[in-house]
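Shown below is the structure under consideration.
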């Protein structure tokens, strides 16, 4: 199964802007939730029909509409029409193999990112695509399935005095992105800790599964990188937009976010290097062990093979074999054997093999 | 056979602009097909003489002329003259080893790309050169052989209400390029899936052909990269042209195309890294197996060689060998052998070789 | 334990600007020390309440307030309020896992760096975060714990005629940064010397712990690099600030500082390359030793195994074995053995194994 | 012999602009040939004295003077004086170890390149330095020895209707450079083909000279790269010159040339990567073969050493060795041996060593 | 001993601009030599007091003052005061671990470089720091010890008609730098030749010291690179200076110098790559030899161990061992042994081990 590229067969040769869901269906129902607020008022409800929400678009309050589930292209198209989205944006929202990016339009900004989760049992990284449409007074978010990391943000919205309530949709977008990136950091921490713990196993060299682990982590780190690097680029572009959707006093926060993603990609590169080093060290440990094994073999063979040969000489049945008949032959024979073994042991000692 | 460079012997030292076909002849006949359309009318016919098509150049309809087969330099030259092409462009069209690029002229844009195909049986990538000349109201395409991936595009042209019918030659060019790049993605997916599947074979380490496979995929990925990277650069340049051949409302589509080629090159780099990792892991697996083999050898040799030596001692024919004559010598002998073997086994156990 | 990333769990999903201490508490008390000076006067005292110091902010003297210990968020917040710091700066000061950087604000510049220390016993690098806020006439420094490398700077401040007494807060900032970077150089020197000393151990190949040492140094060098590279970038940005906090005649000193950090990162890269080379050489030395071991084994085995076989032949008990009964058989037998051994020795000699 | 750097001993410490020939003398005589042409007239003759040619400098015809042989510094100096060349240019022309480059002067452009030739017998790359001085109406070329690749260009000059006859000295310069670069491509093709052919030898692993071949090609490819990469840079600079020596309608040809050199360097990098991959694969093949060898050894040793030990037991001469006297001992003995061998074979089978 | 970084302990925490000599004292006396010239006059004398020279600063002649020996900080300070040097420049001159760089001041340019020397006996690179201060009509040079490579330049100054006599201090600076860089080239040539000569030793594989040599050259090349790369950057900056200290007609010479340093760094990179390739090849050669050794061992063991076993069978003392008593047993026994050996030899032949 190709994990590093999503199958796009359905879209091949299709006219651009055709709405086709590309991905795995992860939820049964498409649910739509609207949170509408300003410093004083707050509305939070599930919408059964997107049209109920679209007239909030032009009010002065901040309107956040979150859609969970993307497989019902009909519903998604309704959202697109209600908010006047470009057909190519709609196509990208539905393609869950989309590369993280930021696109600017006349009246809105489109951001697509991955939300990252580490399955601690299998040590595998899972991701879910998050599309954000930021308008002047509204924010749309599209997720593949229910359940997200945004609960703390909603909590802050509910607090009447929070900064978020006094700010615009751009600050809300920032808050969501910040949460997503905080989760990147958390995931990297979790996996990084496991990678750093590998070191001891490697140097002891007993755990034969170590190489598979190194390999597995390498794959996951590459997978993470594939999601986070373009996300960093997208977030870097946020402060270079022509539009004035991001207000003056949100910019320091975005700068902070940029620092964080920068730190995330740097950490990923650090761990990649660490894993490469670990594989090198693992190979050296293996070579060392091989040397040890060969030394044992060589010492045993080099000492006993000559001795066995000498014993073999006196096991021959030649009729005229004078040594066999002397009184002390057997004891001399032993003396020779022991002397020979001693010389060889001394030789190996001097070669530092013992 | 040099697959990474096309033989150019014929052209060495030739005056530039001399029309010489460089490549392998892949079809018998050169066929010319013209599709001429606007939102209302549609003409689709084979042209026996290129001059039949050239007067469409100045009409207000979009004229797409597709030429299959490049070996008949006479015919190609006629096309060039009919559409006023620069001699160097003509030379490039005929050189099937051309590097993908985009060139701007006063009245037209010249794009050359590779169409990619994976032969699934041999896992080899094949490519065919596609030259596109985009003029104000016409589009010329040159292919090496009949049979292409553009059927869906022609299908869309036949539908009277499609966006393509309402747009200009620039949108048609985009539609063709999009199809070509979609095929890149599809090919990378196919080969990527096979690469990711290799992993298991590697870790088991039984399939000795694995290294050849890794190597083969590496070569193919490099081959792909050679075609797709300059294609990405050419497509990136499309939005930086001075000319106004690309209209305002085609630009978002071109941006989308750029994203896609970017994703394609990124995927190729990911798979290259993956293959390098796999070769490293394969080597580690091999080293591990060697260690196992040596351990078995060493254990057998280290235990039985000393025992054989002791047996050899009592196989000697010394006349005065006291031990041979004691009642329980043989049983003591056995006890010594077993004790010695036990000590050695314990020693290897402690070294964790067992 | 993840050394390359600080745990940020506490801050996940928190509203930005929330003051949360991230790190390990390294001191019991938060202590505040103020040094206030100009060319003539000098005040140096511990402040029990930060408010005692804040009115110095607007005087014409240079005011340096140093805070040791960051875990008491209440106290830190008081400092922030007294000097009008941006909430995101406050958050960064408290996060000891902050990446070195320089940030410009309307009235001040914020610099965060790592102070580096090598624990010579374990060869491990430790760092402590240093935050510097440079205002027009004041300088704030935040450290994680008491005890620092700034004593020589304080010494220079105490000398009435020193350049530092005649200069502004920007020169003081430079002096502190210079001391920090001097310590980087010193640490790199210490560890570099140990790395260069490894070489001999490697070529002799007797010290089996060498690989672990190489690995350990590699990890520490990477750890150093993680702190120093972004520090270099921050210091490079110091000469590109819009603000006029750095005066004309401090700029040559800053240029000098930039050279020094540049040299530091270059030295780190040199040592990284050296360690990679050393690991390669170590592996070659190991392979060489393996070859030697195998040669010894092969020579012993190849010589004595055939001889033992021949002895075995004449140890058989066949009734009709003519050679056994000849008068000189035994001596011919020895002659054959010696001749055979001689031939083999000559063969190995010619192969240059001896 | 240092092939990658030319000995410059003679020039060390010399005043710059001193005319000293650095290189190997490759011809006896310095010969000078002048071709002077415009669309109508054509003169082609050997000049015995350079002064005979210098007055053509100011005519309206294109004058191409080619000098073969550089060791006669006197003659070269005369040329320099006749055409007013800068002393440093004269010095560079005589130094055959010059790095390819392009330099612009007030009245002329100086280009130095290497002409490449593959000696197919030794697979070694040879080069010869070519210096080109392009003036407004004249072109000087300096070669180390007679015999060059420019015959087709002279042929084209002889044809009265050729484009070259109707164009200026800049087009002639282009035509020569194009021929040189075409030869680069041809050489890369030749060597590339040999490199691609190596693959099979490597995978079979029988040809022990393969590694030397890989190494040899690597050295030659590096040697090629050293000549061609700076040539590419020089040619890239041709379209960025301030001077108007290159006319408007020569520029597309120069663009074409740039594409070609770009393709050449890309091909070189491809083959470098291929060779690195091949060495990796070669090493893996070697490791695989080692594993096979060790398996054979281990299987033989592990089976027969224990059997020999058992035989040794019953070859002992203990007086009281009960088994020796039973009727069916010998047959039981054989049964035990065969059973043991069978068990071991089964064990190795299960380990997949057989 | 840390060769890649100079100990700076003495300067740690010191006020910047403090004059402290960092390095090894290489001469007893500090000697000062002044050469003062214009096209007509020439003065060349040792100065016992720097003040004797300082009034030449403002004359119209070119004044070159060379100081050998840096440990006498008092004297150096006098020079600094006499010529109004910035304290940071003075500090850099005394720190012999200074990184090569170019710094521009209002009235002078400061250049610091390394003079390189190869000790041919130990193959080690030694360097000596050279500081150059270029003013409008004077040039100061500081060296660590007497004896330099500038004799040919002094020789040229003595010649009344030489270009140097007719040019300014900038041309003198160029002449000195040219000599230094010529020495870089010469050193790279010397070491490069030795590196290229290694190849044969490696392929023969007999010289076990080869790896140490490769390693040693790698270290020296890295050491060279550390000196020459920043020198190249400094020299590149010479043509980008704001000041008009370098006159129009010196610029082509500086361009020439830049080409030369560029060539030097390129040559260094070429040799670095070559050494890396050589180590790879050395490792392959080692692996090959190991394979050969193992083949010999395996062939001997696999042939003689079974034969010995069979001989062992008939060496047993079973009472009822029928084969022992047949008339031709012994001869059949030999036939079996020879047949078995033949089969095994044939098997190894087919495996191409023989």
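Note that the chains take the letters A, B, C, D and E in the order they are written out, and that residue 1 is the start of every chain.
Please note the rule applied: a contact is a pair of C-beta atoms (placed from the backbone, for glycine too) under 8 Å apart; a residue touches a chain by one contact, two chains touch by 3 or more.
What you see is a predicted model, and the numbers here were worked out from it, not measured in a lab.
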Worksheet entry | Distance in touch steps, counted as few as possible, from chain B out to chain C | 2
Response to the item:
Those chains that touch chain E and also touch chain C are none
Item to complete: Specify the angle of rotation obtained when superposing chain C on chain D by their C-alpha atoms, rounded to a multiple of 5 degrees.
Response: 145
Fill in: Copies chain E and chain D - interface residue numbers shared by over half, same or different
different
Practice prompt. Could you give the separation in Å between the centres of chain B and chain D, each centre being the mean of its C-alpha atoms?
Written response: 26
Item to complete: State, to the nearest whole Å, the distance from the C-alpha centre of chain B to the C-alpha centre of chain E.
Response: 42
Practice prompt. Round to the nearest whole Å and give the separation of the Cα centres of chain A and chain E.
Written response: 42
Worksheet item: Which positions in chain C touch two or more other chains at once?
Response: 283, 287, 290, 294, 297, 301, 305, 308, 312, 315-317, 321
Discussion item. Once you draw an edge for every pair of touching chains, what topology comes out, line, ring, star, complete or other?
Written reply: ring
Fill in: Cyclic ordering of chains (reference chain D, direction chain E)
D, E, C, A, B
Fill in: In the complex with chain A, residue positions of chain C that touch it
1-5, 7-9, 11-17, 86, 88, 92, 99, 101, 103, 206, 208, 211-212, 215, 218-219, 222, 226, 279, 282-283, 286-287, 289-290, 293-294, 296-297, 300-301, 304-305, 307-308, 311-312, 314-317, 321, 323-325, 327-330, 333
Fill in: Contacting residues of chain A [partner chain C, same complex]
149, 151-153, 156, 162-164, 175, 178-179, 182-183, 185-186, 188-189, 192-193, 196, 199, 203, 252-253, 255-256, 259, 262-263, 266-267, 270-271, 273-274, 277, 280-281, 283-285, 287-288, 290-291, 294-295, 297-298, 301-302, 305-306, 308-309, 312-313, 315-322, 352-353
